[in-house]
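Here chain A shows up in two complexes: once beside chain B, once beside chain C.
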Partner chain A sequence: MGGPAGRFLIRRSPCFLEASFVIGIAAMRANSWRRTLRDPALFATVVTLWALLALFILFPLANLLARTFIEGGHFTLANLGAILRDANHRQAFWNSLLLAALVGLCGTILGFLYAFTAVRANLSRAWITVLDAASLLLLISPPFTSAIAMIFSFGARGLITYHLLGIKGFTVYGLHSTLFSETFTYFPIAYLTLKPILHGIDPNVEDMAFSLGSSRWRVFRTVTLPLTIPGLANAFLLLFAASLADFATPLILAGNSFPVLPTQAYLQITGLFDLKGGAVLSFVLLVPALAVYLLQRFWVSRRYYVTITGKVGAQTAIKSVAPWARAPLLCACLLVAGVILYFYALLFYASVVVALGANHAWTWQHYRVIFTEGLKAIHDTLIIGGAGMPLGGLYGILLGYLVAKKIFPGRQAMEIVSMINYALPGTIVGIAYLIAFNDPPLVLTGTALIIVACYVFRYSPTGIRATVALLQQIDPSIEEASESLGASSGTTFRRITLPLILPAFFAGLGVVFIRSMTAISATIFLVSINWTLITVRILENMTELSLGPAAAFSILVVIIVFVVIILISGLLRRFRAAGVVEMTSILGG
Partner chain B sequence: MSAIGIRIESVSKRFAHRVKGEVYAVRSVSLTVQPAELLTLLGPSGCGKTTTLRMIAGFEQPDSGRVFIGEQDVTGLMANQRNIGFVFQNYALFPHLSVFENVAYGLRVQRQPEGDISRAVSDVLALVGLQGYERQFPNQLSGGEQQRVALARAIVIRPRVLLFDEPLSNLDAKLRVHMRGELRELQKRLDITAVYVTHDQEEAMAISDRIAVMHQGAIVQEGTAEDLYRRPASEFVAQFIGRTNLLAGRVVSAGPGGIEVDVVGQRIRVSDDGTRAGLGQTVHLVVRPEVIELRPEDSGAGVPGTIVSRTFLGEKAEYEVRVGTDLLQVASYNPVQRGLFPVGQRVTLHFPTEGIQLLSEGSA
Partner chain C sequence: MRFVRSWLCWLTVSLVLACVGGWAAAPAVAADTVNAYSIWPENWARPMFEEFEKATGIKVNFVRFSSGEALARVIAEKNNPRVDVLFGGPVETHAAGIKEGVFESYKPPSFAVLPARFKQPDGQWVAIADDPLVFMTNTKFLKENNLKPPASWGDLLNPAYKNMIQMADARTSGTAVTRIFSILEVYGRDENKAFDYMKKLRPNVQLYTKSGGGGTLPVGLGQAGGGIFFIVDALDTKAKGYDVTISFPKDGIGTSAEAIALIKGAKNPAPGKKLIDWSTSAAMQSLFAKYKINFVPAHPDVKIEASLAEVLKGTKIFPIDDVYAGENRKRIVERWVNEVLNLKD
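And then the complex of A and B:
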């Protein structure tokens, strides 16, 4: 879920930019090796970070590739061939791409509808808050919340299909409901990507088109939409990647008739105990995932139009939406929000009745179950999330600070490597960890450490990016000012730089914690009898058809995450009050 | 504490440029700033003035040459060991600290006692007219107020010298004029040596004791504002300081008292400052727009011309006048009383016989 959702405006005078550009190049030319060796603290930090990156990112990935391509010490394509010859696997590959493309398309349309309505329809603050809240709710829930609600509504004894409409034998499983559920789960990414872009289009540009005699529809078609195209492409690719990587939704909703790669890989390992087959399948998944990531990162994200030119023009009323069109736009958005709200209401309802669809008597029994039988999962999840939180936050600002501010050999490589686990689908990361840490030299399977490491290295890139973005926003003259007042570089870092990047620290640790609560695709391969997770328990409950506890667990996760978000945004607000730049969204990354 | 001077000796700084390869930002610049003097480095963007200032501050290390503050060689010292006050173009206030803490920062670094710090901060905030702002944050202040905080923060540590990097360029025009007066007054009151960088010639002329004009990494001329205006040493300086007509002419007589030059059909007497231009040689004259007088056609001797354009600016009117193939700029002061010439009118131009400067050959 990368991308420019949390984008920052960089405030610098053009003259300074020019100077810093020249200085930057000069510095690059300087002998970076000698400089690094002369600064022992920098040297030690760089070496430590490289060791960690090698161990927890490169080593597992190398193991995965070795398992796929090396047999008895020789390179071979036989494993890959065997998997690709299987019609079922080939079908899964094409299904994955089809599903991802459809989710990308539908989610982008929905996200654009949301963003356009929020930015351009002259809504009051309250309506925009409603739209934001609806999309935020989806971002903070476990990824399969909507899938569970789909089963409750449209399953064999679903509330809507069976009870309301009286349809018997309606199959919820398949492409249609997976697509529906994933579109709803992931469209907020498109919304968060497109909103700042639409916001960045100066209404004066539209005014100009109006003044030249264009109609509203023509302005939309010839000005607004073309300026948004790079953003739309970006949103599409982000959604494509998210759907490609999604594991839990298809596991619950896709069924046997619609196999996709992540679930195939999972079943290969847990069902058939075929580690090699799982490795090869996840390699097959890696190829499109990597292609989409590279396309998004290095092609689309560089094609943004800059419409913010110099001084912001006079404030103008936004006229892009005709008064009569406002109501339908808002209604469409509210319909979507209504569905989301319905999902959650249903989830809550399912958690407080004996058995949804059969016995609607009020009960707390499911909560009693999760706090007795399920207590270990809650306990384990909180310990793992609590341990990953400070580690992830620290790792994020340390690496972000190094790549943004220091010059040392392999700096760019470090930044790229640190993003790998974030860019790869969780299934791949999970299988890679499983293969790498199952045998000596380093046996970590079954420990909490492997789960914590997985979360830290998979979800810290948000903190890294936030740190880099904040540091780019801090003009170097601020540090020079400190130096000119007699402060040493250590004092400057402690008293000036560190307080200014603290928001990135909070954002980083917040994301690591939230994902520890909600993620499943990687860690489902890493849980054990000793250490388990709430999300894994939810999935187990779903497959055992104990839907009540699954609903109760989901509600618990939403509440915990909600509390953590409130705490963190409180911290962020405290720092913002002191004049520090805004962090647009800690969930953007 | 009496003021001390600054001396830089043949300082050079090279940068790697993406297109041009290695380029000199500053090439062998030497400069002496007298104690308590305010010297301005003036030049267009990219001339090396800011790089020179940053080398005095210690933010850049020169590739060669030496920097002295007082008698101390500070070339190898970091900025935090030089005891300087630096005022940045963008103010560079610490956004997470209050006005009080911003100003107190340097004193806290020196580990001064708390009582001294609050007294010194109060005093300096009073000096810049910001009493009562202690608890505000930088983002709550206007541009002018931020500039005063930046100034207070720089002077509270009692630096040996003050360095200004285009400190007024982010303010609007009226405030800029007001603040430069305040800066100048403060610098005199503190009796401190200052180096000031700007690209605005009017600002430079208003604020400085002396001006060093920089061009392509080198100082091309140093002097008071009047020196530079009256006796520019090169076409660049003549064009950069004020507006000018640069007229080519032929020397028609040369004597011990000066030379006579034939310009646009008029003989003009010029005092020769030792250029020793020979008879028949081509020379260039710096004729400022305001020294040319316009009179109606046929008003005695003078050069005939035609008004091509007119700009009325209140206290003066600016004309472009075609003389033969040349286009001359002429400024006429007090136009409301003296009357305006319409575009297309034929006029006579009268040149003064004194006060016209000869540009030395080769520098034109």
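And then the complex of A and C:
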């Protein structure tokens, strides 16, 4: 790092987003075995967790790999070769990468614009709330919402393309609209990643550059931007992964000329009933997904910079944005927020008219439909989400507590394994579960458990990370101090450790619940005659004729999730979340 | 540290208990319910099943899938069936299922009176309705482009339809399979000629939709100019208030029987058979008119509803040969994916 800011930089060990463990010295291994065996409770917990991880993460993944690489008891590359030789599948692979890269690029730019405006443009609180609310809305939405709105706005008879601009026969299906829709859906992730980073750059550093005579552009180019580069890379990779895994948007918007892998794998299985082909396609998707995840986690996220100036407290007025630039920046952001609000207004409108586009008479009919015919889906989803919530919360703090505070063999391996389902695109996880639990010895398809397990093991890593981050914040000496002051270990746990873990518990269960309400890519393979989900019904309604109920379901999901978020953030505030577990980390997962 | 230990224990135990609980909570088999995969959309299947419950006291648990998805599930669950009955769906789906050995023969009381094309000789499936394909176009689109409603398959090749036709994807939809076999029949089962036609039609296709009715809404809204759908979906679109025109090709179009089948190894075979008895009877099929379901009844005793008869008057409709279709379905669909769907322009 050159430039005027260089000397003020230090590299920080990344305890903020990631937990790094500097344990694993060979000499300690034997010792840790002995210690674990001497502590039966710890031993039992470790064994139980490993059993669960093996069952719900490693076993399905092993099944997926076996389908891909083993044929008649022998290792073979023939299945993979057959898929790779197929020009259409190759095309889908490159399309997926292209789409992911473009979404990463556009989403990061948009997210940076948003974050920069929010942090540096001296906005009033009200404006920042507007920006936050618009991005929050996107993060808690069920899939398809922006896709539905896109078709209505930009289709051949779209409100915008046809009625407003008078373009005839505009093709909405393809790369352009998928890119647009995914960029809008995922840019809040970039915003949430970049905002704290920009916030962490002390304006004093920029001030120094100004006082040395730099222009605003030069300061932006040589100070602000270089300091955010790791954050930008991180945001890009997160968006890349999100797009790579997205199944719902391309299913609606990509059309036939732009096939992508998750959609192809889904059609291969549900349409042609080719489990093997689906498994192989998922495996092909697994490679870039894993690569991006490892890159993000072990390389980029370790490269955060903070600025230490020695007089952090004395905030000076932020000068990095010229007064004349403030208005255009705000306008650009508000334009984006306006598009988002328009999408949702359209969605709500679709839910209260008889048939959008044909009969605009006001009706509550669609809501009556979802609360009668759709009641089972709502009921099932709430039960599954409700069951997953405490399980996910418990599992998250248990595993987080173990890897952060206990010494036992295979600790780091446990943490890595627990992250696998989170890192993989949902289509892969769903297909792996379907393959693994469809036949004896363990038949789980058709039960609620398989859906709950899928959600818990896929979305608990947010809770795990939050637990680890919280526990790492306290020096063990605090607990030691408490005990040396005469508190029993019980009191210490109750007064010191428990309040610290509770926010992570709520964050963890919050994520599991929210994703139970909104995720579809994995669980679409797992719904059954006994258990169905709102998101699957939305897709069903969309692909059938019933846009009204689909819109009504979507609005319902947004409302439920919004209420739950308010409840959880209330709880978090009560337990003084110490800035680590903010609502952002609930949603970023 | 004793407290922490017990705390760990407590958490672990509750986690395990909850898992076991979730497992045990899976619903058991009940005597007075039947489980079904319905290929009919929910808004038609539900009233039928409610009427069935009224008539027999047997409750139908069902979930709706496109025909390809439903068949895929039935095959996947062959060793451990989750449902007792596959309800509805064009008969090629059932014909393909026979090859996979997923159905159990059952001949309901109506079996004897049904015409031959409405039953599989061994009773592997029995028809509950008949469903012809139609061309459906957006009336405003026709007017704007000075077009007459398409009256032959060739009319759809008109460049005015470029990028404006939506129809179903053969990978997931039975509607699409019926359509492809209709085209094969029109071309005297000359596969090369039929595929030539489909390739020529490809540039006019805006989107192949996942389900058979998927394109009706876009056509109704004018997002697409027209498409090929089952008559039930087309008339339903019209009934919802969309301004669409229904027409038939003079060179003929296929109709597909909608069938029901008992799943081999069904856990509730007795109520499953009752559902088949009732669905193939005049009792159910005379309810179509009441619920505005525009299927053509399969049972000879049920009169076709007057307005539906009016639509069908003077049209050339031929049945799809289910044996030929069942035998060739997989190969034809694969050829369609490779040559038509992925055609590079």
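The rule is short, and it goes like this: the second predicted complex is superposed on the first by the 529 of 589 C-alpha atoms of A that agree within 3 Å, B and C clash if a C-alpha of one lies under 4 Å from a C-alpha of the other, contacts with A are read in each partner's own complex, and residues count from 1 in each chain.
Following the convention adopted for this analysis, a contact is a pair of C-beta atoms (placed from the backbone, for glycine too) under 8 Å apart; a residue touches a chain by one contact, two chains touch by 3 or more.
Keep in mind the model is a prediction, meaning the values are calculated, not measured.
Asker: With the two complexes superposed on chain A, say which partner A:204 touches: chain B (first), chain C (second), both, or neither.
Answerer: neither
Asker: In the superposed arrangement, which partner chain does A:391 touch: chain B (first), chain C (second), both, or neither?
Answerer: After superposing on A, A:391 lies in contact with chain C but is clear of chain B.
Asker: Please work out whether A:478 is in contact with chain B alone, chain C alone, both, or neither, and reply first, second, both or neither.
Answerer: first
Asker: Is the number of chain A residues in contact higher for chain B or for chain C?
Answerer: Looking at chain B versus chain C, the one contacting more residues of chain A is C.
Asker: Looking at the overlay, what does A:488 touch: chain B (first), chain C (second), both, or neither?
Answerer: Touch status of A:488: both partners.
Asker: Taking the superposition as given, does A:499 touch the first partner, chain B, the second, chain C, both, or neither?
Answerer: A:499 sits against chain B, while chain C stays out of touch.
Asker: Give one of first, second, both or neither to describe whether A:449 is in contact with chain B, with chain C, with both, or with none.
Answerer: In the superposition, A:449 touches chain C alone.
Asker: So chain A touches chain B in one structure and chain C in the other; where do those two contact lists coincide?
Answerer: 488
Asker: Over in the complex, which chain A residues touch chain B? Could you list them?
Answerer: Those in contact with chain B are residues 12-13, 15-16, 18-19, 22-23, 25-26, 28-29, 475, 477-478, 480-488, 491, 495-496, 499-500, 575, 578-581.
Asker: For chain A, which residues are in contact with chain C within the complex?
Answerer: Listed in rising order, the residues of chain A that touch chain C are 39, 41-42, 44-45, 48-49, 52, 87-88, 151, 155-158, 162, 169, 171-173, 251, 255-256, 267, 269-273, 275, 354-359, 373, 387, 390-391, 394-395, 397-398, 401, 434, 438-439, 443-449, 452-453, 488-490, 493, 497, 527-530, 532, 540, 543-547.
Asker: For chain B, which residues are in contact with chain A within the complex?
Answerer: Residues 14-18, 25, 45-46, 50-51, 57-60, 78-86, 88-90, 92-97, 105-106, 109-110, 137-140, 150, 153-154, 157, 166, 170 of chain B touch chain A in their complex.
Asker: Per the contact definition, I'd like the list of chain C residues that touch chain A in the complex.
Answerer: Against chain A, chain C makes touches at 1-9, 11-12, 14-16, 18-19, 22-23, 25-27, 35-37, 41-43, 46, 61-64, 66, 68-69, 71-72, 75-77, 79-80, 82-83, 162-164, 169, 171-172, 205-211, 213-214, 216-218, 220-225, 233, 236-237, 240-243, 333, 337-338, 341-342.
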